[in-house]
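Presented sequentially are two complexes of chain A, the first with chain B as partner and the second with chain C.
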Partner chain A sequence: MSNLDVLLLDDEPIVGKRLKPALAKVGCEVEVFQNPVEALKRIDEKFFDVVVTDISMAEVDGMQVLEHVVAKNNATKVIMITGFAMMSLAREAMEKGAFDFIAKPFKPDDLRAIIARAAEALGKPIAFEAGESA
Partner chain B sequence: MASIIISSDSSLTAARIAEKIAEKGGFSVVNRDILPETAQKYDVDVAQLKKALDKPAGIFGMPAKLKKQCMTYIQAVALEKLLPDNIVCYGLGAHLYAKGVSHFFKVRVLTRPEQLIKELHPAGTAPENKAEKIIAKHEKARNRWSRDVFKQDESNAGLYDLVISLNQIEEEEAVKMILETAALRQFEPMTYSINCVKEFLMAAQVKAKLVERFPDCRVRVDGENTVIHIQALKRNAKKYSAVAKEAARTVPGVKHVEVHILTDFIGQAVESNR
Partner chain C sequence: MASPLHLKQAKAPNAMIEAAQEKTEDAAGQGAVNTRHERARDFEEARKALLARPGFSVRAQIYLGFALVFLFTLITVIGLLMSIYEVDHKVRFLETVNQYLIEIEQARRFEKNYFLYGTNLKDGLENVSSANRILDSNKEQILSITGENVYNQMLSNLKEYEVLINRLLALGDAWDGSEAHAKEALTDEVREQGQNMISLAAELALKERQALTKTISRARRMHIYFLLALLAIMTVNSFILARRVLDRIEQYKTFAQRIASGDYTLITPKRSYRDEFTELALAVNQMVLDVEAREELLIQSHKLRAVGTLTAGVAHELNNPINNIMITGHMFLEDYESTDDEERMDMMNDVVNEANRAKAIIANLLDFARESGSQLAPLDVAEMLKDTIALASNRLKRSKINIEFSSTDKLPRVHGDSQQLRQVFLNLILNAIDASQSGGNITVTVLPADEPHYIAVKVIDYGTGIPKHILGSIFDPFFTTKSQGKGTGLGLSMSQGIITKHGGQIRVFSQEGHGTTFTVTLPVTTFPAKITEETHMSPLY
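Our next item is the complex of A and B:
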């Protein structure tokens, strides 16, 4: 079973701090960014299997990150996370090519379940069973 | 895949379109076949549930309180059936309570007037001036029905993702159009939209436990929080709050319950004048 390369982008440091170890537990190599500009630069340098991005951020928002990732390589699965979820935003994200969309707050297991589905779709399954500790 | 919710000014048209969608698109159907199960689960008559779905409340119609109860029970069972995706639903008023779910593709189909007259008028036809009146009366009754419980006008196009008039479009074409649009990526289920359905379902199940005693209660589920609003006199606030909390906690999955008491000013005024 190979590792899954994940880029995690959220301008709130606590999100990356909490989720990085939670995703590492299921075999993800996680790079955490708080600055979307730096994240986009890294996306241009390296292929990530999964990009997890917040939507509401200063300078560059999550939708722009999604568009950038899809334009670069649409094999990457983009998961949108937001504290301001609403139907129109969710539909816009899916239309632009997001793999999934989840409202904050969520449990690490919720994100791990989505990442496990993304890994499955990429043909790189990870070992995950719901209920694993955070 | 998306789930499709069909609403129409004609129940027969809604049924025909939905059945064709199910057949051509491989969708499962959710319709009034759920009423016997609903009746059994909540100990009401199927006839009352049907009446709640068809008739506005009123002095000569169904009592408003009973209608609210019946619609709450229907809502709770219908949402349970709408949990999986790939469903086509009609005849249950779901377009009025399954709101804000991105993978629910809501369609309003407007029937040809002559078709509607066939359904509404015993003779099957009517002179033009009479036909207009029959249709207007029917529309008025439907609007009253949708405003009764849901405080919405179901003929408002803003409630739907797509409105199709069968005046110039054949039913087969309409079905094709609906299936093609429902296949768009924006209507695909996602974690957020699935969680929305789960929250609506839990809220409806909690409300079903409360509605007989508190017909005007409002229930919202947000993550692990269940928020209940109840109207009551100040002196009953503590007692009603405890009753509502206890009832809500009998619903599987309910964790934290908040009860907000809204002062019943009319009742309060009546009481202070005694």
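Our next item is the complex of A and C:
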């Protein structure tokens, strides 16, 4: 079981701080960013299996990150974090090639489950069973 | 971190919460009750003052004018009637005197004939008795004009004439001897007596004719003077009446314009008497109170609309701290055993801070949305602007608009209603957001105004600008350029009302394609003295 490379982008510092170890526990190699510009730079440098990005951010928003990732490499699974259930935004994200979306507030296991499904789709399953602890 | 403001909010959540709590405490509704109570008291005072004056109604003035004209006419008519009666009286008298004269003259003609031809003296006696009858039957009339003396003299003259003629008749036809002498002497006496009677009557007639002429010309003059006086009375009365009514109408026109411009000062007595317009003044005062109450409702409902547009943003904003708490809480439970104390402390601190952040967001929104009447307090405009920008921060973030806030240090406070002023600022900021393109900038500045003792708040966007042809209408109620259902068209009109009430002004400067600047000027509070001192010390002043 190889490690899954995950990039986590959210301008809330606590999200990265707490989710990095949470995802690491299920076998993810996580890089955390608060600044979308820096995150995009990193995406250009390195291939990630999964990109988790918040939608509403200043400067560059999640939608632009999605477009950037899709344009660069179709294999990367992008998971969008929406502020609250904005169905139109979510639908738009799915149309643009997002793997899935998750609405704040969410439990770490909710995100783990989605990442696990993404890993499954990539053929790199991780050590997490959906509904394991939820 | 999204924006500098966002950063500030996250860094000092405790300060924000304290501020929010303070606001909640002093907004216990007491201020609102007091203000409403004060207005009711002002209204009652104005009512008493208006009614305390002695009454002199327009109706009374009209009646008085008519009564005066009627009285004057009555006096003149009585005067004229009396003149006519007098003329009539004199004419009748003259007629009587004429008849009398005719009789006497006839008697004298017989007398003359007798002297010349010795005929018909007896016939003369008939005329004398006719003259006597005339005097007798018109006794009262003659007495009223000539008095008793003249009448008696006329009577006695007549009697003596009669006696003399009788004596002459008694002497018979003898024309010689001593009788002839006596007769001659008697003849002279008769002549003299006749002459006297005629001259007395003629004199009377002349005098009365003169008196008649005088009476007639006096009556004529009276006619003319009466007309002139009536004209004068009616002119003066109409003038006073018209001026009184027209002045009042003009005055109420001014009141209407004043009220329309948002000045809700109650009408207080200006004249020393009360009339029909006093009722109008009371009604207008009542209307002003009602309009004020309605406006408050309107402001509140408009505010709730603004809250509605903000709520989505605020919900989104709330999701962040809640998400942080949720993630941290779950990880705390999941990793409790494997976590050291320091890490646990860090996690719980995050939870507490994020909870406070959520509380501050809610408090700010509720503080803005809460219904309350006007509460006046010295306000720090820079703080208010920061709170307002925080309220709109999510809208800004979603529209990807960067807001820059700057303020001059040690600005004096303004005296006003914090909720209403924040509503104005929020309105201007939301308008600026709507006018800006994604990725645009908005500048909010507070600085001393050009006029002394005023501060100016500028909200500047670099958006599309307002076309010249609608620039004049933007403060009109219900004027909007937004699509139906998006804007009420009341924001700027209401903002202007609020700022006018605070003694300030809203001005707009716009260049199509370059953006728009809204400038709100507000008078600074002149107390407490400490703040004023600081103001003077500040190099900016």
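Just so it is clear, the second predicted complex is superposed on the first by the 128 of 134 C-alpha atoms of A that agree within 3 Å, B and C clash if a C-alpha of one lies under 4 Å from a C-alpha of the other, contacts with A are read in each partner's own complex, and residues count from 1 in each chain.
Rule of thumb we're sticking to: a residue touches a chain if its C-beta (ideal position, glycine included) is under 8 Å from a C-beta of that chain, and two chains touch if they have at least 3 such contacts.
All values derive from a computational prediction rather than experimental measurement.
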Partner chain(s) touched by A:71 [first = chain B, second = chain C, both, neither]: neither
Touched partner set for A:34, first chain B, second chain C, both or neither: second
Contacts of A:87 with chain B and chain C, given as first, second, both or neither: first
Touching partner for A:114 - first (chain B), second (chain C), both, neither: first
Chain B or chain C, by number of chain A residues touched: C
Which superposed partner A:102 touches (first chain B, second chain C, both, neither): first
Common interface residues of chain A - those touching chain B in one complex and chain C in the other: 105
Residues on chain B engaged by chain A in the complex (per definition of touch): 100-102, 184-188, 190-193, 195, 223
Of all residues in chain A, those that touch chain B in their complex: 85-87, 90-92, 94-95, 97-98, 100-103, 105, 110, 113-114
Interface residues, chain C side, partner chain A - complex: 1-3, 315-316, 319-320, 322-328, 330-331, 334-335, 347, 350, 354, 397-398, 400, 402
Chain C-facing residues of chain A, complex: 11-12, 14-15, 18-19, 21-22, 34, 56-59, 61, 83-84, 104-109, 133
